[in-house]
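By letter and in written order, the chains are A, B and C; residue numbering begins at 1 in each of them.
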Amino acid sequence: TAEQPERVAQPVHGISSYQTLLVSTQDKITTITLNRPQKKNAITVEMYNEIIKALDQAAKDDSVITVFTGSGDYYCSGNDLTNFTKIPEGGMEQMAKDAGELLRQYVKAYIDFPKPLIGVVNGPAVGVSVTVLGLFDVVYATERATFHTPFSQLGQSPEGCSSYTFPKMMGAAKASEMLLFNKKLTATQACEQGLITEVFPDSSFQTEVWTRLKAYAKLPRNSLALSKQLIRTSERDRLHSVNDQEVERLVERWLSDECMQAIMSFFQAKSRL
Amino acid sequence: TAEQPERVAQPVHGISSYQTLLVSTQDKITTITLNRPQKKNAITVEMYNEIIKALDQAAKDDSVITVFTGSGDYYCSGNDLTNFTKIPEGGMEQMAKDAGELLRQYVKAYIDFPKPLIGVVNGPAVGVSVTVLGLFDVVYATERATFHTPFSQLGQSPEGCSSYTFPKMMGAAKASEMLLFNKKLTATQACEQGLITEVFPDSSFQTEVWTRLKAYAKLPRNSLALSKQLIRTSERDRLHSVNDQEVERLVERWLSDECMQAIMSFFQAKSRL
Amino acid sequence: TAEQPERVAQPVHGISSYQTLLVSTQDKITTITLNRPQKKNAITVEMYNEIIKALDQAAKDDSVITVFTGSGDYYCSGNDLTNFTKIPEGGMEQMAKDAGELLRQYVKAYIDFPKPLIGVVNGPAVGVSVTVLGLFDVVYATERATFHTPFSQLGQSPEGCSSYTFPKMMGAAKASEMLLFNKKLTATQACEQGLITEVFPDSSFQTEVWTRLKAYAKLPRNSLALSKQLIRTSERDRLHSVNDQEVERLVERWLSDECMQAIMSFFQAKSRL
């Protein structure tokens, strides 16, 4: 497994008030680390809300770039399916509606993020943690990383703007194999398809990547932010519209028999282990 | 040459009422096979109409995915140029107008197809059979396949939405070499450019591909169809508009001296063989 | 270094009235050659104006294709930073406004160019000479070429429509490493990312490329021009809008402290050599 980044051990500026994340700012870099390694950093409702809050704070602090990564061997195993087991008073419809609105706000936070956002993918990535990478500016991955979006297996449909960003970056023929037919990509394949900027050997991953990140953070701050916004501007409206459509479709999916059966099968298989 | 797919020999559900195609539904897969191997599956006026009809029926039947392929050693040699030799009463202008409307309806059938559409490219592909691949969801090809769009050689211009889908998937620099300067791609090059999802050795092509297709057809049907439509939705209007513009331009081209001379030269060269 | 193209020595049709360019038409090919090799073909204000004029004339002459290249070992080292040292009576604000309008017209000339435009990249390319390649139809490069857009290093932001064309062709993850973080690409990397059509050994570069170009110039002239325009049509408005936004942002940048300090540091470093 990858060595721990040296920087985590150093004193940090800013106090982390998060339960499920580590958030620190140092050397003009704000780092948001998913911190639920015992569950492969699966994203709970609380985590979605904390990530939205952390991105909002990173947008406003004095850092030059923002880094997103995971603790432990996994980057992120995606949406925690136990989110679907806490049925509120309003029943399934209310649950689907609430989950949709949370997802919409979550993806919106990435679309509107005003500074360079860099993914440091330290291990396997699944589901929504893969799809939102299409909204990052740069993504570095260890060779151990894999990228998997098994939506149709679970009776669901793509989110994170991937129904737009994936065909745009890799062409429909490659994107559909991932988004419709659950193809899992290696880090090298993801790099060839444009999802990932560069792949590194696991042994030197943290060292090589952080050397670069520290150099990036010394570049003129406004120039970087304004250049990133310039790139985003020409498709921001489109991304918001895609996000809305994807969420609307998913809310329908979550209430469908196909999806309920697929999720129940998932838990049954798990409980038999 | 590739082995015949085993499945063709099995009894099929649904009666094929087509003269130029084989159409069958089995294992929740509807397969449309161009069946004019003695002419390298060149598309006649009758075939255009039958393919439109077959796609319309596949859209409505209970299959989960639809497969498009060719019989014999060729996938498809493109538009049958003898289509231009049957001049109707209205003269050349009427012929160009009719051919344009037929092409418009043909490409429209691909744009609006509501289920996953998978190309199984069993050999060389030319012209409109290459360009519409940009409207497929997944495309698998044998290593023997080539991809050639010699429009300018024939005084014509791109169709099948390729003037939009090709630059989008491979960048203008690669797309223009194909669409303007008649570059013929190998299967491997087409895969690198994103036109093709994956290339297979010819000896195992049918076996490997059909193993995958049968697995795909077992996935939740609505999830697949709705996910495909979600991907298509965000550019459907654009694709229809591009199709209209391409056809308008081609109708003008067909009536130009450049094009008439190029097509006459084609037939003269052929008659001398 | 690459051999001189044979054709330059031959008598040419048309009289070149340019101070900073060589412009000639032969074999139905108009060639525009940046001719300031002692300054690595850095683009002065005079050169911007002459290139706009040369593109305008090439658009109207009877050539079939237009070729853009550089003389000497460099393709082009980008914007000549001495352009920023000639401050007019209106002060810095007037200078920034004038420079912005010139850049806007310069990029517009590429967006609206009506014939196939082919880049023959004979050596390293920097800045605006790299970004406008996204508006070319085909780009051939020697293996000696490199592609570098150090905007943020100079406190500036992307131009030449690269904030739109680069993410479109290579995905955001690769484009941002170039446009935000100054990553310099080799010719092979630029080819993999879709910026370049093909890379050639330096020893045979000119011979191989000009053999192709001469063949291209024999194709039907109208078919080529109309096909190129068809490809461009579907995004022309978008490109003009992106150009306007990029220039507006750059004019602000040029007047910022970040940018002024970065450019002064550049000249100080240079003066110490």
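Going forward, a residue touches a chain if its C-beta (ideal position, glycine included) is under 8 Å from a C-beta of that chain, and two chains touch if they have at least 3 such contacts.
All of these numbers come straight from a predicted model, not from anything done at the bench.
Of all residue numbers used where chain A meets chain C, under half belong to both copies. The two sides are thus made of different residues. These two copies of the sequence, chain B and chain C, are related by a rotation of 120 degrees on CA atoms, to the nearest 5.
In terms of their C-alpha centroids, the spacing between chain A and chain C amounts to 36 Å.
Residue positions of chain B touching 2 or more other chains, listed in rising order: 168, 170. Interface of chain B with chain C (complex): residues 151-153, 155-158, 163-164, 167-168, 170-177, 179-182, 238, 241-242, 245-246, 249, 252-253, 256, 258-259, 262.
Against chain C, in their complex, chain A makes its touches with residues 116, 133-139, 165, 168-170, 193-198, 212, 216, 219-224, 226-228, 230-231, 233-234.
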